[in-house]
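Below are two complexes that have subunit A in common, paired first with subunit B and then with subunit C.
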Partner chain A sequence: MTNKLLIVDDEAEICEFLKSFFEDRDFKVATAHDGAAALDQVERFKPEVVLLDIQMPGMDGLQTLKKMKETHPHVKVIMVTAVETQEKIEEAMRLGADNYITKPLSLEYLEKDVQDKIDLLAKGL
Partner chain B sequence: MLLSVPNALRLSGRQVRNNEGSPIYKKNAFFHVRTPKVLLQKSLVALVLFFLGALVSYLLPFLVPVSGALGFLVHHPMLPIFVITGIFVVAHKPIERLIKKLLERYFFHKKTFAQMTLMDLAGELAVNLDMQEIANLVVNTFGEVLHLKTVALLVSDPLQNNFEVASAYGWTISASKKIRLAVDTPLLKMIHQTGPHILMRGPVLQSLSWQEANALASDLDSLQAGWVIPLFVKGELLGLIAFGALVPDTVFDQGDFHFFREFAAAIGPCLHNALVVKRLRQLNFELQDSQSQWVQKTKLNAIEKLAAGIAHEIHNPLAIISGKAQVLLMQKGPKQLELKVQDALNTIVKQTRRAADITRKLLLYSQGSRGPQEWVSLEKVLDETLSLIAYQASLDKIEITRNLDPDLPRYHANMQEIREIFLNLLLNAVEAVGSEGKIVVEMKYRREEELVEISCSDTGRGIPAEYLDKVFNPFYTTRHEAVGLGLFVTQQITHRYGGSIRVESQVGIGSMFILQLPCPTATAENREAEKVGASAPGSKIRK
Partner chain C sequence: MDLLTARKFDYQEVLRDVARSMVRLKRPDRLLKLITRFIDRQFGLSHTSLLVLDPKKGCYVFMNSKGAKRLPAGLVKFDTDHPIVQWFSGVHKKLPFQKDFLFLADVKKMLSRAEFRMASNSKADQLIGIQKAMQNLNVELLVPGYFKDTLVGLLMLGRRLNGRFFTTQEVTFFQTLAHDCSMAVKTAEHNQNLIEQNRELERRLQEIERMRGKEQRTYYEIMRSLAEEVHAKEPYIFGHVSEVERLGMMTAREMGMDMSGNAKDILSAALILHDVGKIGIPDNILCKPGRLTQDEWQIMQTHVEKGARILEPLTDFKRVREIIMAHHERFDGTGYPRGLKGEEISIEARIICVVDSFHAIVSSRCYREGRPLDLAIYEIRNCSGTQFDPVVVDAFLRALKKELRKMGEVPSALNEHLAS
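And then the complex of A and B:
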């Protein structure tokens, strides 16, 4: 079974290279550029892991995370942030985020982290 | 002025009993006449008058024509008596004045010289506003011209509510630093009672009860003083001059005391002005300090906003650049890139990370401390930091010495921030030395001032004077690859803990950064006590 990954970032270029990176690694990847689209994609695409940018116009990453976890508590969410302020990170973790990663991203680390989350899901955690 | 009177001539015990000696002299004219100085003066006047009379009587017959009424007078056998009487009537006062003046100048010359010197000094001090200079001049001149053993000038410190030694003559340096008289010490209480009179050790002690005398004596002993001149200005005690004599038998007469009071009245206002100026300077300094802290804070707020904005706007494009390079680098199989291209891509990834680190660091420190605080062992943190740079330092042949106070207390702070302080100071020093040189890190606990002083000196190239106030500015650097945030961050952290940092430097010799962190004695020592008590029950708590 191919693993499904949703990438949410208002920067199209970021979505694009992450998509190609994970598709090369046999993931099925969907993208969204804002919070509303992300929630919609979670509903339709049913990803196992979501990469969610914190700073987005309109509904930001934290609000999106909250709603996402309400409707789909099992989906693993990795927050992506350009500026790691302690408060935002704490808030995200409190809302149920599974990890966070800062930009610029280390793809090696990200790949490993996504794989970890999928392994956790496979174990039913 | 200094009269070492032989014991036989010393006046009875009753005289010494009186403050400033004056009441006895007024009551008992006999003693007044028998003052050796007056005796000498009167005898000399009589002698001079007699010889003058004899000389004139002898010479008169040769000068005056023999004929007439005058001739009769000149040859009269009672002539010398007439002449002496005449001369006495006419010349007694001028001669007495002359004799007195000559005696004062040549025989008791110390007195006039001393008085003149001291009054000249008081005149000069009137235009001097430097407290320390005034104090030094007063004690040194006083001590030198009066041949005293010790002189100390104490001035009031209204903030601390005590009197501290401004300058001392004949004291050891350490003694002058230690002595502080609280306003309620017996000596100061006594001065408030007696007013501007000069306090003499012997008579004052004899007039008191045993306990009071004991307490006062210990005050006087601490000042090594036999006499104390209070300095009152407008009814307020501003300071005092305490002095002790070289010769145990030294006595000062009424004239001396009169002069001391005159001198006190003359330098009192100088001291008052200097104290006002000192206070104003202090206030001005505090004002400048708080102003510069305010400017720094404003700068910092601006930087925080800017950094947050920049971080967000820049990290996205950096993420794209770095991400695409990483995608290419991580391709496998037949698509694998040439080594040259891989090198270039690696550099791109590395440099984007570096660019992001700058904004991240800036943001982190401009946001202020939000990390947890704990009791940090400064020694341990310093050693950890030293181990980080030890390798680089040994490669550069830099010798690092640490010199620590064994009584260093633990410090309540965020460990990461303290590490950052050490790291920045050390990296700065290593960079300044370049290769072959020395770095000395010192940490002292100044219990009395309630602070911990950390200094880091190097034998580096030094900082030109015109750049000294710039070294703490953000982005100020002399290195090409540096960001210029190290010392800025160090300063920010120091200020956050209510401390201060300054730099002293000489081009070609080296620089020294001195950092002072407030460390309230009570808190630190309670903590020490807790620590000692906890680690070794029953062990003695260090005071």
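And then the complex of A and C:
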């Protein structure tokens, strides 16, 4: 079964790069550039894992996370943030984020983290 | 035809341009961007990336990138324990050929050598890591840039779109470029550090200046209460210090004196502190009811120098000391301590001389009762041109009249004087 990943970032360039990176690793990848589109994609695309940028115009990552976890509690969400603001990270973890990663990010670490989440799901966790 | 041999001199020129730009550019971002674009265009590669050390974050960040697998600037990093960074960071210093550049083909070759795999598992793991990272990013060739012994940046190049291999000459060109980029990055970093250090120094200087100002203020306040204390000893009418200050400021304004900058503060401080040296005069002289002997009078006169000395720590008010030194000089040159004459005496000292004398006449002293205003005005007028500067006397009497008019009655002596 192909794993499905949703990448949410307001910067199209970042979405495209990560999309191609994970497609090379046999993921099925969808992208969204804002919170509303992300919630829509979770509904239709049904990803296992979501990479969610914290800083986005309009509905930000934290609000998106909250709504996403309300409707789809089993989806694994990894928050991506440019600046490591402790309060935001704590807030994200409190809202049910499964992990966070700061930019600039290590691709090796990111790949491993996404894989870990998939493994957790496979074990029914 | 090979690109480098065909346009050999162009490349030398490019290197010269880079070297020139390095000196010119304060921020290397633009230069790095130019280089990435230049390589991408001239060589037609599947991928070109520049990885630069960020000393604050302690990792290597992809700054510029071109080609199909282009990395968004600032998104991806290599930590210092990344196998590629490890390969070029010191561990392999003994093997210079490895330090200079690394082809993916060579990594594969090394991995295929049985003895390599047997000899060191950790090295094989490292090579596997390098191979994986290079393949992930479509990179065929890695060229490091150093500054001293620090790995500052990495040039990551994909394969040629036309299928050709890189020539030795081209690799040398990339090495020079990588070296130049490292220099540019380090120079800019150094400049930035200097700028930041400068800012910090400036901030500290301001802080010191602020503290110094506060200290001066405190010292001034102490001096002020000391001056009040001196006059409390002499049974003057109440508030001599503030009276003299008020009269002096009025006179200065009447004369149209320039009060800009700290001129006003200096005059005010001098008026308040002019007799502070009397704190060093023995009470039996200071408060003697009756005439002073010749010796006592000489001691009394030293209050001028004593005052100037007490105020030495008030470095903001250097002029105040000079004024106080001169406040017993006379316009005709017969005063003390230096016998200065006319304009040699500062205008502030000439003002103090008039208002202090006037105030002394109308106030009660240890040795006599205060005398009427009329008499004081006559005396001041009589001494105009000898003890006092006539210009100051005129301004003083005009100011006094205005002040008395506010209170009610103007003494006839004052009217006479002003009419004449």
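Here, the second predicted complex is superposed on the first by the 125 of 125 C-alpha atoms of A that agree within 3 Å, B and C clash if a C-alpha of one lies under 4 Å from a C-alpha of the other, contacts with A are read in each partner's own complex, and residues count from 1 in each chain.
The rule is simple: contacts are C-beta pairs under 8 Å (C-beta built on N, C-alpha and C of every residue); 3 or more make two chains touch, one makes a residue touch a chain.
Small disclaimer: the values here were computed from a predicted structure and weren't measured.
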Three-chain arrangement built on subunit A, subunit B and subunit C clash or fit: clash
Touched partner set for A:Val83, first subunit B, second subunit C, both or neither: first
Comparing the two partners subunit B and subunit C, which touches a greater set of residues in subunit A: B
Touching partner for A:Ser20 - first (subunit B), second (subunit C), both, neither: both
Which superposed partner A:Gln55 touches (first subunit B, second subunit C, both, neither): first
Those residues of subunit A which subunit B touches in one complex and subunit C touches in the other: 11, 13-14, 17, 20-21, 24, 103-108
List of subunit B residues in touch with subunit A within their complex: 308, 311-312, 315-316, 318-324, 326-327, 330-331, 352-353, 356, 360, 363, 367, 370
Residue ranges of subunit C in contact with subunit A within the complex: 57, 59, 61-62, 69-72, 74-79, 82, 133, 136
Interface residues, subunit A side, partner subunit B - complex: 11, 13-14, 17-18, 20-21, 24, 55, 82-86, 102-108
In the complex, subunit A residues that touch subunit C: 11, 13-14, 17, 20-21, 24, 103-108
